[in-house]
Amino acid sequence: MRVSRLSRLALAAGLAILPRLAFGQDAPPAEVVPADTAFMLVALALVMLMTPALAFFYGGLVRAKNALNTMTMSFASLGVVLVAWAVLGYTLAFGPGNAVVGDFSMALLRGIGLEAKGTIPHLLFFGYQGTFVVITAALISGAVVERMRFPAYLLFITLWSLVVYAPVAHWVWGGGWLSGLGALDFAGGAVVHVNAAAAALVAALVVGPRRDYGRRAMLPHHVPFVLLGAGLLWFGWFGFNGGSALGASGLAAQASVNTFLAPAATLVVWMLLDLKRTGTVTAVGVATGLVVGLVAVTPAAGFVSPMGALALGAVAAFPSYFAILLRTRTRLDDSLDVVAAHGVGGVVGALLTGVLADPAWGGQAGLLTGDAARVGVQALSVAAVALYSGLVSFGLLKLIGFVTPLRATDKMERVGIDLADHGEEAYTHGEGAVLVHPDETPVFAAAPVPAASPSLA
Amino acid sequence: MRVSRLSRLALAAGLAILPRLAFGQDAPPAEVVPADTAFMLVALALVMLMTPALAFFYGGLVRAKNALNTMTMSFASLGVVLVAWAVLGYTLAFGPGNAVVGDFSMALLRGIGLEAKGTIPHLLFFGYQGTFVVITAALISGAVVERMRFPAYLLFITLWSLVVYAPVAHWVWGGGWLSGLGALDFAGGAVVHVNAAAAALVAALVVGPRRDYGRRAMLPHHVPFVLLGAGLLWFGWFGFNGGSALGASGLAAQASVNTFLAPAATLVVWMLLDLKRTGTVTAVGVATGLVVGLVAVTPAAGFVSPMGALALGAVAAFPSYFAILLRTRTRLDDSLDVVAAHGVGGVVGALLTGVLADPAWGGQAGLLTGDAARVGVQALSVAAVALYSGLVSFGLLKLIGFVTPLRATDKMERVGIDLADHGEEAYTHGEGAVLVHPDETPVFAAAPVPAASPSLA
Amino acid sequence: MRVSRLSRLALAAGLAILPRLAFGQDAPPAEVVPADTAFMLVALALVMLMTPALAFFYGGLVRAKNALNTMTMSFASLGVVLVAWAVLGYTLAFGPGNAVVGDFSMALLRGIGLEAKGTIPHLLFFGYQGTFVVITAALISGAVVERMRFPAYLLFITLWSLVVYAPVAHWVWGGGWLSGLGALDFAGGAVVHVNAAAAALVAALVVGPRRDYGRRAMLPHHVPFVLLGAGLLWFGWFGFNGGSALGASGLAAQASVNTFLAPAATLVVWMLLDLKRTGTVTAVGVATGLVVGLVAVTPAAGFVSPMGALALGAVAAFPSYFAILLRTRTRLDDSLDVVAAHGVGGVVGALLTGVLADPAWGGQAGLLTGDAARVGVQALSVAAVALYSGLVSFGLLKLIGFVTPLRATDKMERVGIDLADHGEEAYTHGEGAVLVHPDETPVFAAAPVPAASPSLA
Amino acid sequence: MKLIKAIIRPEQLGDVLAHLYRADIQGLTITRCDGHGGEHDEVETYRGTTVKVGLQEKVMLDIGVSESFVEACIEAIVAGARTGEVGDGKIFVLPVERVVRIRTGETDTAAVTPVAA
Amino acid sequence: MKLIKAIIRPEQLGDVLAHLYRADIQGLTITRCDGHGGEHDEVETYRGTTVKVGLQEKVMLDIGVSESFVEACIEAIVAGARTGEVGDGKIFVLPVERVVRIRTGETDTAAVTPVAA
Amino acid sequence: MKLIKAIIRPEQLGDVLAHLYRADIQGLTITRCDGHGGEHDEVETYRGTTVKVGLQEKVMLDIGVSESFVEACIEAIVAGARTGEVGDGKIFVLPVERVVRIRTGETDTAAVTPVAA
């Protein structure tokens, strides 16, 4: 298991590695280290930025009439999910509890102060973990954009963060049952990516495909935004993977540089596949490819060598590339390919971590270095997370469906969710818009057209 | 007063808290601490980014024909205000001087070297403070966009940074009279937000409303830019509030996590208010709400508990939300709601700091923890700053009005300030544009139309 | 030479300055310092972000039909150039080798681990240097956008990074011949900017001007993107210049604050020049001016005083401003002014470093402080780099021209490279697009028009 | 049946619409366009490149009306669009041979009569 | 020679094009526009500002056809564009005096006959 | 009075304008549009989705001219717009019944005569 093996490594390598979850178990009396705090303060900001970045990555891929809805789906997670995390989620994930879930001991942030957790203030650890749940919940939106109603979405991600994310985080990072099996998940291949992808798959199925899916061309309305989002995601991912070392250690350097190298390799392979298949290198492909590389290296960042990261990135391009091609032949309208990018990418990353883990780079052996069982454990952990996330997400969606409709009406879809659920358009010029004076109550019904008017309409 | 109390706290809590202004007064012989320097180097960059971020937040809210003008108003502050700060502003704010203003001892950066100021190099402290004056001056532009002439604006913010910002910063952070009263302003609720908002209010009144204000719909031309700006502002704000601890301390962790939690709470309340009032959650509202949360937590970040920050964020949503609704019923064309967001938000934040300040989290008591007078001091400090800023800004604008017109002509407004004052358009396709050869002097007069031509026009 | 002088300085000034290239030569047994690692982990991320930033700076300046091509040119560098750097480039630049080039000792990252290089892990140093080569190669694209074929471009920058960048980096930073002459280049005035500009000049000449160059107006399609790119570039540049101190030292503070001040001065001068010449302050000018200031301060950041940086920034505005004006009168279609901004800016910065270098700020004397020969050395280093880069780039392009055409056809240019080489458009609404079912092989030929149809077309 | 094609300033659109609605003319189609006429050219500068932009943003209205409404329609447009400065725009009246309302298939005058709901 | 000017919903464009191609009508020009008719106004809110947006996004087709194709063309448009809800749009048929194909200088019917390649 | 409606390639607009100005035709209105004709379709790919984009970017000119200028106008457009490749576009000449200059209320030929200043 990660904790104990990492501790051994820490001794072996003589490095001040700070395993992510050593706390509250067998960790030595901890003290706050300023340099680690300095790095983690920045890592907090970097990972926070990933959710706005996702808003642009996703927002550029949809049609203009749904751009704001898609972006707001990400931004809203910074509100509802983060508040839920502070109130209840954190303690369910990181409270002692049992093997399956934490407890209520730190509900409403009780007892979380500036004392050391590892080598950083506990409060900072709490905040840093909060950035993870926010982006994980937001990832799901990619499967239901352009037709899920916004209130239902808000309800879903809030509950999901408590009922799905928190326990799964507990299993892997909070001292739960998966952490006992020796599953390697450095920065959240299973907890973040596979978890979100399983929920996305189920949500896409429950909500159903867009009315035009498979019948009409629905093209990205703003590809530069996709690139902007991808660029900022990569930037933030240095905080995501590097920060998962929880200090400014050599391990953080390894994770960061691996986070730099793996997507580069994925990018190269993706461009070559594109060139081979269509004779062109698409910009959307470039953005997608590098995100897939980032996803794949996430579980591996602190366990594989830099050359291993390059190899992992290159190999990870294939399954996701073809999964995307395949998906469009199906009736599964996973609109922004959460499953192909985060699901397939996350699974491949987790398995390759089991293959490529290198005792010289993180203290864990993998298939190539003699630990044949590792890949099995990795597969098991991924399967468990996917299964749990999928089943509970299904239940949640059905439940929410009783309270409020999940699905936008045909008319809303045609007009666009921006107007329907947000009362706004992304790009306006304001011509022909008539100011409603604040005292007139805005009527949603139309202005009455004179009934028997001789006029022309 | 912040300095002395913080020092006491530092001792009491046994933490290496570095009070922002302890320098040159009763501070112990200081030494540069690498970990603190590491964090503050990044904080400098983070706060610098907030001004470009503001350019997008503001730029998306105006009409396309004024987008570049609005954005350039922010970017220009990184030029003129920063140079003024290096030449004169810093010494007026942080030079010993008297209770009202600094002196000229550090004009032209004299004597500012790499020696320690607190635990970071003095030069870094200077640079970090420079990022604050740049964004504060840029904030004002939100009240005068779409009709103030650009040269007058440049003149105004340059002088304002010297005559208004520098003294006010001296009062609160430079050892001036307000710092003697015990006013709490962690990262600039009064100095930055109330200060800018008062100037903005006056500027909106002096320059007057846009010609179409209240008569025609003037809609945001690019809401995704508003979200981009808000996202990057939040990101940079970790440097703004976290960095105000001036080191990688527990205080920085507290300030950073509070900066993460408060806007989340504001966001949730804002969305609910929106839902309740119009049945929709607007994206502009999401962006506005989170900025209001950030403003409100600014004075409080290092003085309140995380739960306090959540509460503060939630409460702060109400006054600003309704202030924005109210403003549109008035003739006050504070076009981008600087007063409602930064003024009301800043005042509410300052007062709530007085209410929620928690001795266990920063060493200062507030109303709820027994110091009933605190709220009064907070109110006084806010009022003093607002009054001074308002009055002097008024004088400055009148003065500048003698030198160069403040206000764009009707025609400029109609055509858009981008063309009028910048000779550019934000989005062009170039069709119908005729290249002027470099040797022809560009004539602003039209090409002569043949006088008695039989042709058709 | 930088190494030895810096070492002397380090002793003299009693500061923990970490000269960039002291490693593997006469450096004392090194140890990893957590605070330095913390800062450099962030610097890595910051400089990485500069390449996406460049994508927007460049992408906004071209016409909409080439926006994706231009942006992808930058993003692709994060793939191909980075992989080449890991495989071979790094060892050619930083391997011991001889005075001209490194060797193959660290090919495929052999021997690069977490041991200290200076005060940070060697692997982190490798990654940080990787960000430099990526952006340098991407800079070149500005000279050939809107008409160079994408596959040829990919080939070119990959080879260029190995055959040009790596040796030049070796000369200056890897212990090569230029580092023996005492040339000062703090963060890459010569290695990055002059180097890229020389290649750009040659590439613009070899590929030839756009068909419409000088005949038709080709306007920036999206000026806000230019500002976004400039803002993010500035942000990242704190990692570029500050990080070149390779630790969280006073030197890093000096470099960072100089990186803040110099562009501010350039901006002010640029705005005044604009105002004087055309009566308006252009937003594109603002973006360009600040980038020129950043380029100019790059070689100087760690060698000049803050007042020196202000002066340098102000002076550096003039040559680049007029170089841009001049360029449009020539047949040299350096489309995005790589030569005027990076070439002229880099040369001016290098020379002014020789003039303004201040022993009190970095330990090196310049013309004004008594070392008259310095400017000559600076000129020599710049000339050597420009010459080598220009000549080898010429050879490379000619070579690649044998393998695959460099230049897009007239038709491709007319339609836009986005469609031609990427099969995408930047902004689509999808109307009129017909879905091709995955099983139909996409035919590039048109749908057959019925030959003898009586219909109307 | 006529098609009235009016080119006006975008900032006058609101006023023109108000006048048209008051004249009971509700059906119309609007297109953004650029016009060239007797107005002065704008000079723009992008880095070293100076251009003369002879085109001004305009808005084009296409309004199908029956003969009896032609006068009222023109008057409403003129009332809303006139500023008196060069560049106010033009109105063209084109003959129409047939009109079809797509929803119902009604033709001619019936096609442009408003729905009574 | 007629010019058929049809205003339709943007989301129906694909269907309309399909019907037109099937009717062997290949030459056409499309413009994005905004329409006002009997449809309900949308209310939008931006901060404190509430606006009624009376304009709906539409697409305008300009299709030059010879007389014999007028019926087929109208039928194709109606078939592709009708949803039955208010807002489906209108078709105007205008007389054309002359058509020129720019590439060849051919005029009238020849100008709109498709190239045999 | 005629309305000349020309659909041309956007990249030829500059040349067409130059020719028109030389022919003393200054008043005109330009709209961006998309055209379909005998040109090849472009194939675009976005992730797994492949689409055929049958529409090419075009520019439409609306030019009101008095009868005597029709020939000159057509010639100017053809001169500026012809490249010889498929896709050069079409010109339609429509009859106009009335023209009004909004600024002055002048009608017909007077409405399109340029201001002498």
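A, B, C, D, E and F label the chains in the order they appear, each numbered from 1.
Keep in mind that, in the parts below, a residue touches a chain if its C-beta (ideal position, glycine included) is under 8 Å from a C-beta of that chain, and two chains touch if they have at least 3 such contacts.
Worth saying up front: this structure is predicted, and the values here are computed from it rather than measured.
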**Message:** Quick check: superposing chain B onto chain C on C-alpha atoms, how many degrees is the rotation, to the nearest 5?
**Reply:** 120
**Request:** List the centre-to-centre spacing of chain A and chain C in whole Å, with centres computed as mean CA coordinates.
**Result:** 32
**Message:** Centroid from C-alpha atoms only, then distance chain D to chain F, rounded to Å. What do you get?
**Reply:** 17
**Fill in**
Whole-angstrom distance, CA centroid of chain A to CA centroid of chain D, is 49
**Complete:** Check: chain D positions touching at least 2 other chains come out as 14, 17, 26-27, 30-32, 34, 36-38, 44-46, 48-49, 51, 54-55, 64, 94-95, 112, 114-115, 117
**Asked** What are the residue numbers in chain A that touch two or more other chains?
**Response** 33-35, 38-39, 42, 216-220, 222, 228, 278, 280, 282, 284, 325, 328-329, 423-425, 428-435, 438, 442, 449, 457
**Request:** With chains as vertices and touches as edges, which is it: line, ring, star, complete or other?
**Result:** complete
**Prompt:** In their complex, what parts of chain C are in touch with chain A?
**Reply:** 32-35, 37-39, 41-42, 44-45, 48-49, 51-53, 55-56, 59, 67-68, 71-72, 75-76, 78-80, 82-83, 86, 108-109, 112, 114, 120-121, 123-124, 126-127, 130-131, 150-151, 154, 222, 225, 228, 418, 421-430, 433-435, 438-439, 442
**Message:** For a test of understanding, state which residues of chain B touch chain F in their complex under the given definition.
**Reply:** 429, 431-434, 449-457
**Asked** Along chain E, where are the residues that touch chain F in the complex?
**Response** 3, 17, 26-31, 62, 64, 94-103, 105, 111-112, 114-115
**Prompt:** In their shared complex, at which residues does chain F touch chain E?
**Reply:** 2, 5-8, 31-38, 54-55, 58, 60, 74, 77-78, 81-95
**Request:** Would you mind writing out the residues of chain F in touch with chain B in their complex?
**Result:** 10, 13-14, 17-18, 23-27, 30, 32, 59, 63-66, 68-69, 112-117
